[in-house]
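These notes open a run of structures that come right after.
In what comes next, chain A is part of two complexes: it sits with chain B in the first one and with chain C in the second one.
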Partner chain A sequence: MTTTLEHTKTASIPQGGGLARRQNFLTGLIGGAIFAWLFWFLAHHFLDATSRTWSDEVAASVTLGWIIGFWLGIGALNAPGRWLIGKNNTRADDLYLAGQGQGKSRYWKFTTDHKVVGVQYIIMTMVLLGSGGILAMAIRTELIVPGNHFVNQQVYNGFIAVHGMLMILALIVAVAGPWGNFVMPIMCGARDMAFPRLNALSLWTLVGAAALLLTTLAVGSLTMGWVVLEPIANQAGVGMDFFAMAIIVFTVSTTVAGVNTICTVLTMRTKGMTLSRLPIFVWGAIIAAALGLYAFPYFSLVEAMTLMDRTFSTSFFVANAGGEGWLQANLFWLMGHPEVYVILLPAVAALFEIAAVMSRKPVFSYRTAVAGMTGLAGLSILVWAHHMFTTGWAPTLGGPFMLTTELISIPTGLFFLVLIGTLWRGNIWMKLPTVWMFGFIANFIIAGVTGIYLSDIPLDDQLHGTMFVTAHFHYVFVGSVLFGAVAALAFWFPKVTGRYLNEFLGRISFWLVFIGVQVTFLAMFASGLKGMPRRYSSYALIFEHTNFITTIGAYIIMAGMLVLLGAVITSWNKGEPSGPNPWHANSLEWLVPTPPPLENFDVLPVITEDPYNYGEELVRS
Partner chain B sequence: MSIDTESEHAAHGGHDDGHHEPPEVVDGRQKMGVWLFIGGDMIGLSAILFTFLYLRGVNTDGHWMSMWGYTGHPYSYYYNILDVKGGSIPNATLIKVGPLSAGLNWFVTVLTVLSAGIIWMAERGLRATKNVKSYTTMAGIATAVTILSIVYGIIQLQHIPQIFTAHNDSLTMAYTAYDSAMMAVDGSVVIHLFILAFLGLGLTIRSARGVINGTKWYQARLVRLFWVWVAISSVIASLVTTTVNTIH
Partner chain C sequence: MTTSNNKKSYRGLFLTWAILTIAGALVGIFGPSRLMPRSMSDNMHLTILTMVVFTVAAAPVAAGVYASALYALRHWAHKGSEVPPSGPAVRENAMFVTTWLIVSTLLTVFLLIWGLGALAVDNSSTGKNPLVVDVTGQQWVWSFSYPGTHVSSPQLYLPDNREVEFRVTSKDVTHGFWIVNMGIQVDANVGVITTIHTTPDKLGLFNIRCEQFCGLNHAFMVTVGHVLTPSQFASWLSSQPQQA
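For the complex of A and B:
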């Protein structure tokens, strides 16, 4: 059996491509480095001629130079350039850009085929999770005993900020990136995404943003968490300029990806694929994309204003010149809470898909599932100030925001209803995706219930800023979203590679991560309940035991994730062959060959039924 | 999922034309894409105007349009006097700034609206008369008007007054909250104008080379959609920033 990595080797490389034939990740890096140096030189001589090598002006210019150079080097700006001079791509150009006949090298290029982009997102997610995970281990090692000096306090602060942001980026793309690209267009009956070049742009822009984010560790001096609160952010070192520009660039990536996802689903569905016949994962992807389109402009703006305060001496957040720190908090959390659901919804929708296939039943109350996801997205834009209960901003609005936050539990409850209802009395096939799905259900209950505690103002007054909050959102992101993401990986892995993800290693990984999550974060809840504040590099003796347990738990999670990485690597080329439809599913991605051909379908299908008629199938048989 | 590939295959006479979508299908998809980008841009504009109105509303310590600073010379000037001549640094005085020129603000906006009007008429003319030469000329004029509005936009940004002050324990120039908000609004307009100039130049070149013509005009329409939105957003921004800027 050939794999996706190999299948286009059989086709010849088309003649087109032009400049793109000489561009790849390496030329992107070189272009980025050259332009970063050029902008450093220009900024140093024209903006800041003082002896300081790394002023904020220079740092911001370098980051801008990096991303422009990276785009130029990788080939992201070829199409706008050609458009400007009145040239259109030929069919051969498009085929070359889609990676035809280029084997593994197309994974290192500005390739437009949605399946290649999907695989690139898988790799990117693993890189982001791995980087963030290493920082998490460093943080937990620092906290294993009080007064430890594994890293100094300034470095520790930087680790906290970059770990948080890396993990947020990783989880935003963990499900929507790989599977929103690889399988979603096929699920809709489309030949590709609506805008293939924008698809590649969103991926490589994310790479550029991640590089900036990781560079903050080298230039240092990040003194706040990933929320980059003012006025601390204004006083931080030049790492903050890299951080802010990384976020601005990242929001370009998510906006482009969001527009692409929505357009693909709304305009490229094949005949008969009505909205009520859409696989439920597609609903999750499109609702998350729409929510991201709403939320991320705030993120971009707040970081742009932080950068302006630092480089142009504006005063958005400087109180003695008429600015206000609460403005930053408002704009940030206008993005920050919807962003949680941009992360969560694709994972939940993937689990609905897995539950239906693995229990041989239709999605229980399909419309309730769609309503729950839509309701959650709608409510999520009305709850931002619950993050500011203890800041003193608009205390009279506390009641309404507490109410809207508690209302969130209704659509969240619908998710459990749909999942349990789908599994109820089903003929459950306990394979790897199902195992991780059950892990999600268990963890998400703890995440949800502790979230209700925190929405309550009197309790939030006591727990805000403590490790209890940290444990809560780690149950959301690690215990829930990560479990959903791994379930999705195990489920669609055979479609990407033609092989099963190693069941044995996958289960070992599951138990290590599942146990690790409980050990780590239940102990962290205990630290928080005792009053341990977040983001401190040392602590009082009263927190010693719970922190020791938390760190051991974190090591267990890391061991589990390494086993999972081993399973992915070994299964990719040497795993058990799975055939095109290993789960005997009905949705379109399983009905095309594995690996799917370049444009997915020889003949576009006409859909006559919904994808979950397993029950009827059984009755008929 | 039940599918029926046979009937679809037969309907196209055995040939799959899905690989070569009709232009109107591609056009519709791209139009939706532009509308979605405009939607995202609307959120961005509303966030910027929210910032402007929020800072004006809270008027922190009465400093919406004022700041403690040093007039006449930069802080470092006095610092040097202190070092060299043994003088003393004067006390910071409260410096007030007035609203920026509404005339210049509206001039940029009018230019943007004018360029949008030209590009709209050009597109309508192209579709009605198929006269590409006329379209090229008008797109070129719209681009030139946009470049002029960029120039005035930059002049507007340069006229935002700075105050010499101590800022984050360093000696620097700073902007009041009002000036900062104006810089965000005007800066956003200028960035959008740069995008319009790029698009306008592209339309001019493409129509001159015949890529856009009387039958292939859909890209002209897509650009016009965005151009009109930028003009509308410029009017909204000018309305807000010139009518509710001061606090009485």
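For the complex of A and C:
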């Protein structure tokens, strides 16, 4: 195995290939800038020469130019282009594209190796979480005392929209991105994803979308919340066009990634890797990917309709021209609720994996785990209107949607059954991933119980639109998904770097974030119960104390996340060496060398049993 | 572990569960009425009661998860850098899974029955001569008018113990009409009239806030209302300037 590794390292860099082999992130930025300018020039000249320099039409054109130029500049379209002119990629071309012999520079390129893409997703998750986190701190700082002191209301409203969307993007990719790419193909016994070039395309398209989203704050006012409420989105400035296009581009990225994940699991499994022998994380990844394929088209559709209302004078959502805000709400939440489970399922599945390995036991009731995840995904497409109980849309459907929503607690309860059942009577190895997993269990029960209140219409008629809802979904996203994501990071970090994530710093970070989450969001529940609506830039004096506590808690979370960032940076090159299989696990990703060589396996393995045979060695011998 | 030890330690698990359940139930019984705004209508009484019932019902479930997790940490945690030996190879336990499914289904059915029942009470109109109030939202003020009287007011005045039907609409973007002390909410949509009912049953001042994000001054789209005795209400109504 080691010879393969050295071979990869010492292989001479293929010569020639011209410009196409020198493309990287920088040429992508240059290409994006050139095309953005070109599209601005053309749009301004033909559509808008007489009016403002920066209309909705021009803004939408610029965003389109940016993403096309970025794709061209980074080389995303090279291979299809070569195919068009009859020059298919050779094996050497493909190996070069996979990053063979290019050292660290391959992380800045359109590289197809799934492990490189996985590392790029780790970095993207950190960038998105970091920028969303800075906005969160700005929002909480503004809310530390009543009145508007630090940012003006216009800017504040932009912050809440962009904070929300950045964090949603960050969490959609937080587990499925790094680990669905880095370890999932190895777990299946595959040499790469089914479509390696599409894999790189999904990553760099996400980068393009994130760049658009980050520029929205600079180009114009955003007065519509992250859900892009209509008809108020029509009052937003050109930042709205960037925002909508960022989402459309993002859905291209998730669609490509989802198709790739599903095809990889269905077609690339090695011999003997039957569906019932799949590591449970792979099930989580494929169910989430399938759910994403159902949900995200609504996302691009609704944003495209918003863009058309703004640029083509359609009136999907313009009430006084025959449109309806409820249409936007329906389309958005048709995406919005399944999306919560697209975010949650990979994290939960990773925790099942971690629970089994760290407690040295098989996953308890594997089939229940798969059924729970599938059931949750299926139910989640039938609950969207619980976000609209108080909108006045179809009051007669309240009962049916309350029914489907409350049924969700049954598959969610199965997650606790599997986790607790797996830990029960195990020998629980208290390492960093285990610690964060216990944090997840503690927070997820609060997230679940508060969700039940909101599913009940008489209660929702009081709590909807308040800080109670905000606190509830932050317990889901920060308290649960983020904890699962950090557990997954601590668990698979040694496979990426060959080193442990620093245990000491990791535990300090855990306690800060865990305590911070309770302080921040329990106080936020209190604000909501007292009657404080969400998306407030200022508030009445009766909400003073709970908001102050929430802001202090938010700073504690920030401190914890900075410690975690410090742990990742210091451990990456200087951490304690871990060897290829630090947790003594049996799934395939731990049986290849660290770092795994290009194409992972010398000879594809043949599978005879699932990876959870802890304690069964004795029985068999 | 011997059997007697096992029994002894499971007693610890049960005790932890019982203590946490009682703590959760106490929070559920005393928390909502202390934290939530003063209740001034039948809907709000039902809201607070539902909050109490759901919290008390959830307490044993949440306590079960916490107690099991704490128990696992206390008895089976292995520290140190050496990998612990394998645990028991338990893959399935049909009894446990079935019990879990039945219990969680029963709890869900209870929530549903309660919820659907409460919903039927909550949404029902007595149909006995309700007072109709037209509510109009616009950025960033509310206005209330009383059909048949030409009276319009930026504050809401309601008589005690008489059902009110709100007919809610908006002039510009979607707003959220929320009477904080009465547990009722409905969006004010452009070009549509949405209705909600409630019956105020306490005299005094109450808060109205916009709960749907509506732009720059969303946080300041607030007003107050007053519940008056029927005679006070009649005299207030007749003292108001008639608007065209």
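Here, the second predicted complex is superposed on the first by the 601 of 621 C-alpha atoms of A that agree within 3 Å, B and C clash if a C-alpha of one lies under 4 Å from a C-alpha of the other, contacts with A are read in each partner's own complex, and residues count from 1 in each chain.
Assume contacts are C-beta pairs under 8 Å (C-beta built on N, C-alpha and C of every residue); 3 or more make two chains touch, one makes a residue touch a chain.
Here the structure is a predicted model, which means the values were calculated and not measured.
Enquirer: Both complexes share chain A, so when I overlay them there, do chain B and chain C fit or clash?
Expert: fit
Enquirer: Quick one: is A:Ala319 in contact with chain B, with chain C, with both, or with neither? Answer first, second, both or neither.
Expert: both
Enquirer: Look at A:Gln235 in the shared chain and tell me whether it touches chain B only, chain C only, both, or neither; answer first, second, both or neither.
Expert: Once the two structures are laid over each other on A, A:Gln235 reaches both partners.
Enquirer: Is A:Pro395 contacted by the first partner chain B, the second partner chain C, both or neither?
Expert: A:Pro395: touches chain C, not chain B.
Enquirer: In degrees, to the nearest 10, note the angle that opens at the C-alpha centre of chain A toward the centres of chain B and chain C.
Expert: 100
Enquirer: Mind working out whether A:Ser105 is in touch with chain B, chain C, both or neither, as first, second, both or neither?
Expert: Neither partner.
Enquirer: For A:Tyr453, using the defined touch cut-off, is the partner it touches chain B, chain C, both, or neither? Pick first, second, both or neither.
Expert: second
Enquirer: Thinking of the overlay built on chain A, is A:Asn613 touched by chain B (first), by chain C (second), by both, or by neither?
Expert: Touch partners of A:Asn613: chain B and chain C.
Enquirer: Hey, is it chain B or chain C that touches more of chain A?
Expert: Per-residue touch count on chain A favours C.
Enquirer: Going by the contact rule set out at the top, does A:Leu301 touch chain B (first), chain C (second), both, or neither?
Expert: First partner only.
Enquirer: Considering only touches as defined above, state whether A:Asp602 meets chain B (first), chain C (second), both or neither.
Expert: It touches chain B, and chain C stays clear.
Enquirer: If you've got the overlay open, could you tell me the nearest Cα approach between chain B and chain C in whole angstrom?
Expert: Minimum over all C-alpha pairs: 8 Å.
Enquirer: Could you list which residues of chain A make contact with chain B in one structure and with chain C in the other?
Expert: The overlap between the chain B and chain C interfaces on chain A comprises residues 235, 319-320, 324, 326, 613.
Enquirer: For the complex, which residues does chain B have touching chain A?
Expert: 1-5, 7-9, 16, 18-19, 25, 28-30, 32-33, 36-37, 39-41, 43-44, 47-48, 50-51, 54-55, 58-61, 63-68, 162, 165, 167-168, 172-181, 183-184, 198, 201-202, 205-206, 208-209, 211
Enquirer: Flag every residue of chain C that touches chain A in the complex, lowest number first.
Expert: Residues in contact with chain A: 32, 35-37, 43-44, 46-47, 50-51, 54-55, 58, 61-62, 65-66, 68-69, 72-73, 76-79, 83-93, 96-97, 100-101, 104-105, 107-108, 111-112, 114-116, 118-119, 121-123, 168, 172-174, 176, 178, 180, 183-187, 189-192, 194, 207, 209-220, 222.
Enquirer: For chain A, which residues are in contact with chain B within the complex?
Expert: It comes out as residues 80, 83-88, 191, 194-195, 234-235, 255, 258-260, 262-263, 266-268, 271-272, 277, 293-294, 296-298, 300-301, 304-305, 308-309, 312-316, 318-324, 326-327, 330-331, 334, 586-588, 591, 599, 601-611, 613.
Enquirer: Quick check: in the complex, which residue numbers of chain A touch chain C?
Expert: 153-154, 157, 223-225, 229-232, 235, 319-320, 324-326, 359-366, 368, 390-392, 395, 398-399, 402-403, 406-407, 409-410, 413-414, 416-417, 420-421, 423-430, 438, 441-442, 445-446, 449, 452-453, 455-459, 461-462, 464-466, 526, 529-531, 533-540, 583-584, 612-617, 619
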